[in-house]
Amino acid sequence: MPSKIHVGILGATGIVGQRFIQMLEHHPWFEVTWLAASDRSEGKEYGVATRWRLKTAIPPPVATMRVSPATPDGAPSVIFAALDASIAAELEPRFADAGCAVITNSSALRMAKDVPLVIPEVNPDHMKLIECQSWRRKSGGFVVTNPNCSAIGLVLALAPLHQRFQIETVMAVTMQAVSGAGYPGVASLDILGNVIPYIPKEEEKMEEETRKLLGRLNGAGIAPATFTMSAQCNRVAVEDGHTESVSVKFKNKAEAAEILNAWAEFRSIPQERNLPSAPEVPVRYLDSSDRPQPRFDVDFGRGMTTTVGRLRPCGVLDWKFTVLSHNTIRGAAGAALLNAELLKAEGYLG
Amino acid sequence: MPSKIHVGILGATGIVGQRFIQMLEHHPWFEVTWLAASDRSEGKEYGVATRWRLKTAIPPPVATMRVSPATPDGAPSVIFAALDASIAAELEPRFADAGCAVITNSSALRMAKDVPLVIPEVNPDHMKLIECQSWRRKSGGFVVTNPNCSAIGLVLALAPLHQRFQIETVMAVTMQAVSGAGYPGVASLDILGNVIPYIPKEEEKMEEETRKLLGRLNGAGIAPATFTMSAQCNRVAVEDGHTESVSVKFKNKAEAAEILNAWAEFRSIPQERNLPSAPEVPVRYLDSSDRPQPRFDVDFGRGMTTTVGRLRPCGVLDWKFTVLSHNTIRGAAGAALLNAELLKAEGYLG
Amino acid sequence: MPSKIHVGILGATGIVGQRFIQMLEHHPWFEVTWLAASDRSEGKEYGVATRWRLKTAIPPPVATMRVSPATPDGAPSVIFAALDASIAAELEPRFADAGCAVITNSSALRMAKDVPLVIPEVNPDHMKLIECQSWRRKSGGFVVTNPNCSAIGLVLALAPLHQRFQIETVMAVTMQAVSGAGYPGVASLDILGNVIPYIPKEEEKMEEETRKLLGRLNGAGIAPATFTMSAQCNRVAVEDGHTESVSVKFKNKAEAAEILNAWAEFRSIPQERNLPSAPEVPVRYLDSSDRPQPRFDVDFGRGMTTTVGRLRPCGVLDWKFTVLSHNTIRGAAGAALLNAELLKAEGYLG
Amino acid sequence: MPSKIHVGILGATGIVGQRFIQMLEHHPWFEVTWLAASDRSEGKEYGVATRWRLKTAIPPPVATMRVSPATPDGAPSVIFAALDASIAAELEPRFADAGCAVITNSSALRMAKDVPLVIPEVNPDHMKLIECQSWRRKSGGFVVTNPNCSAIGLVLALAPLHQRFQIETVMAVTMQAVSGAGYPGVASLDILGNVIPYIPKEEEKMEEETRKLLGRLNGAGIAPATFTMSAQCNRVAVEDGHTESVSVKFKNKAEAAEILNAWAEFRSIPQERNLPSAPEVPVRYLDSSDRPQPRFDVDFGRGMTTTVGRLRPCGVLDWKFTVLSHNTIRGAAGAALLNAELLKAEGYLG
């Protein structure tokens, strides 16, 4: 058995850091050998430093691992990052500069001109932007990002439709789970019996990331998709799973059956190459009139499948439907992990 | 002190029936003297027959009132109705035929050609349709309806904008409280930690009722407003208060300040005539970036004020904003009660 | 491979019936070949007749199985039952009379003199009562029951302590999940943001079943344990998992370490015989000061392990601690299934 | 009209501080003229500094009041305090030393020998301890405390029983609302669909405070009540209202009717003197078998009445019942306010 690639986790004690650890526990290619978090945690055993909020137990080797300082010295050359944007903006370039492959869930560099923002099923070719990064030329290091948890489910549902019918307009209203805000995140007094109609910067991210993801690689940058878009983001009392009410208009006429086919037939590089974390089915349509629902459907494809339902004509645009995606798996740790698997398959991880 | 008008309640044991009783407890014009519900309840004391789900106590005279059979014999001539649509379709005409003023929250007759669907602040002139009803001519009885709980908040927010800027397109996504489904209604296993992206017939009602409410009285009928509209309706784990993410496009250009003015200045007949249940302010805009929220804002104006927030440009239509309205007060019992007060003020209740 | 034992499910469409189907999907010994439910479902495909409320999908062979009438004709000879008590009281004897082994979760016959009420780890010898049943003598059929979902977690935690220290007094206050009330069960308007301090007949069941379970087989009956006990039962807004605050007094002095040992060392017939649904560890103590918690700990041992925490001295009795148990798995379907496995291992199922 | 007494609030931005402001808005005797909070808030307008979490609006004069530094200079001579215990331990003596009457909800000094811990209906005579305080002798200042939010509802229910039947043993298991933990307090990821069986130091506080409250003034201290007691404290997903399952044993035999009478007839100084915040009925028994419930009953007596229900024999002690009390009104701000009203009525506030 060839030895696994050693990976480190930046921001290991947060909710997404925990998901990284959980998803990497039995990974065939990667092995967690290094953890870093805030200064407060440094030097402590991970099991002591973290407030573990997942149902499965902390993997024993990780539980007793010491939390390292968040600097490249001693870090492995593949880093998964789950840092707050402001810290990421400072730390991620430092790790890339030191030669690390930084595969990050943070928003800090997503919209940077030479940084790929990738969903492996949607725009794997954008990975080529890596070669434009100065870090790459200098030390071999680079940064690859995945989208916001509210954008990724939407874009997975839109991509097969955009390919066939060309999107002209998208409107999306989200009902997002509290785990999307990290831990402690949303106070219970704010969300019990409540809806919060605002998530800072979320609507802007959804709109610009969606266009970059569905845009085209164009020399040393991405020409964003040109459709118009509007997002409204709400927080609801759900633990995991972002639900979205979506309306779309296409350039080319699309019948319901054609749309259902586009989703059913959608397969891409991760499925073709059998990447370990790839869901068998990236987008799954549920026939029942009242699905998808986070409580019952969020774990399809081990949380990596986006579920869609309620396709019906829209009185303003062409079609409307509901999208559901697991926000800390497909929308965060699993997204980065699948990016890492794509990078490995493409030879970027040595 | 002149004696109060005696009123009866059809469907008195349900959630909306309970709200009628609560709101009528100290009403200056009306007094509950008759209650009817399903056969199961007939003959019992109301306090025994009902499973009271409100925070205030059952008014003592009502608690010991006997539940009457649901027939016009012995009923007072003013009837508030809160029946399931299928039962309403059968019973409401029977009461109107017998000479009763039936002021109903049921959906059964809302879209009937000669039945007014009225929000007193929005389209009080539609009450004139009463004169077209055959019941009216025969026995003096008539039926007046108020809109669905998801339509009323939206229409209150749209009406002042439609008057000034003319709506061309509306898109609305709702996050609706469980009390909107009555009692027992939504099972806890269905909604704890969940979103249900479907409410039977709700989207159709929202779309057609909105157009009728903002339409124009045209001889013996209503010419519905001609804008395009699309609604998507979701159920969330909130007790009271429907929150809606709305986007609109106008015929006439509207600046943010003009829209805020339109809401701030909106007053209508109920305010002018000082109807007892009229809120001082029908539409209230909240400046805070994360409001309105059902847990904190649903009770403005004793539940009769629609609150609005987050006005900002929409990337697809012109403007987007959030609307919140109390679904069992402004969206049901309070809606019917305000209709009754308008009818009384206009001389329809003898 | 020897063929599996055919089993039927009475009450297949309810929450516990669904759990039976889920737990039997890949069972090594049993195969579902017959389903019955209320008249309303009769003749329909199961997938159509049921409102499936679990996260995993309906097993495909079951989804298309027709729902049979609830009579012994054509039923297999091993029946899992999950009926309402009043219906169970009528149907279960009929199936036993016809020669079926009825393994039931219903409360109807639990306290009958000749009916074993069994938790396989606690009182497997009580199964011998079967031989006292008139059905057994007549047709070979019999009835075996498992305890109420609130009693089973408590008794699993108490049994190892009773063996070593002899219980003198028990006080238990429960905080029970909504799934314990079936589906639709608890209305969302009753439980959102609420506690309901009453569950009909639950406290009586807990008290008498606990004593029967920890009692001694005595000829043709059970001599109940003689300790005093008091239960208070509350419903809380939790989906799965009953949490209980327990205080106990022992005849023999017990140190904390001895109690922890008693739990840690507790193994019994199901573990020794390696019954397929037996948890490796029936009772697991969690060291963390704020555990167990239903959201994180309810699925230990695939829902068959009872978790315990917070052992500390009690100011009134001797010790107090918190118990958590999965109410629809260990507390219902899994309890019956483990009983069936014990019966099979003991040669009762042919 | 005589001018009102000027009062200040220490810890004005927290959940309890907000309740003080809300309850003092139209108070006939007191007027808020000074607010202090953490350094972070100092100098800001209160409306900007606080994250207001109540349904009613911030009283306009308070919204624009500047937050003062938390020092006695410039503070009025009557101070309501709602500080974290560690800060209170330092600040409260400083204000008392400077001559202020400090009426505090903090736990810091509750168990101090010369500090009265008072519920005005229960032990108003304990106020006399004020005269033993060195601050009192030096500057006229003093400190008066009210109990923990979990103790106060219990003690209000126990006091009338203790008077008549003498308590020998009490066991209480709480299900406490999230507002008891302040803001942001409990993370939503910790409590949605969950029970947390641990609240730091809460059980100890309940046990020792209950005994002090029901103890006897004895020269310069309190001889605590001598009954045995055990408390178990849990957090549940409820916004406001602590529910408690209680069992008691009396020295003197008590019939159910006598207990109900004891509660029904319980009136005390606050009712006799008609203190502005006193509830008409301090303890109210609800007959319905499934009450009290926080969602429906927590606001009785404007949140100042403790509701009790489900009185029934206990299999271990004598009687058991359920208690409900509003934790931020009767259990915090309202408790302190009623103490202040008692002090004013007794001539302690100048």
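As written, the chains take the letters A, B, C and D, and residue 1 is the first residue of each chain.
Keep in mind that, in the parts below, contacts are C-beta pairs under 8 Å (C-beta built on N, C-alpha and C of every residue); 3 or more make two chains touch, one makes a residue touch a chain.
What you are looking at is a predicted structure, and each value in this text was computed from that prediction instead of being measured.
Annotation: C-D is the more contact-rich of the chain pairs B-D and C-D, by number of C-beta pairs in contact.
With every chain reduced to the mean of its CA atoms, the largest distance from subunit B is reached by C.
Centre-to-centre separation of subunit A and subunit D, using mean CA positions: 47 Å.
Between subunit C and subunit D the centroid-to-centroid distance comes to 42 Å (mean Cα coordinates, whole Å).
Mean C-alpha position of subunit B lies 41 Å from that of subunit D. For subunit D, the set of residues touching two or more other chains reads 53, 192-193, 237-239, 295-296.
Across the complex, subunit A is touched by residues 169-171, 173, 175, 192-198, 207, 228-232, 234, 236-239, 243, 245, 247, 289-296, 309-310, 314-317, 320, 322 of subunit B.
Of all residues in subunit D, those touching subunit A in their complex are 15, 53, 178-179, 183-193, 237-239.
Against subunit B, in their complex, subunit D makes its touches with residues 53-55, 192-193, 239, 295-296, 299.
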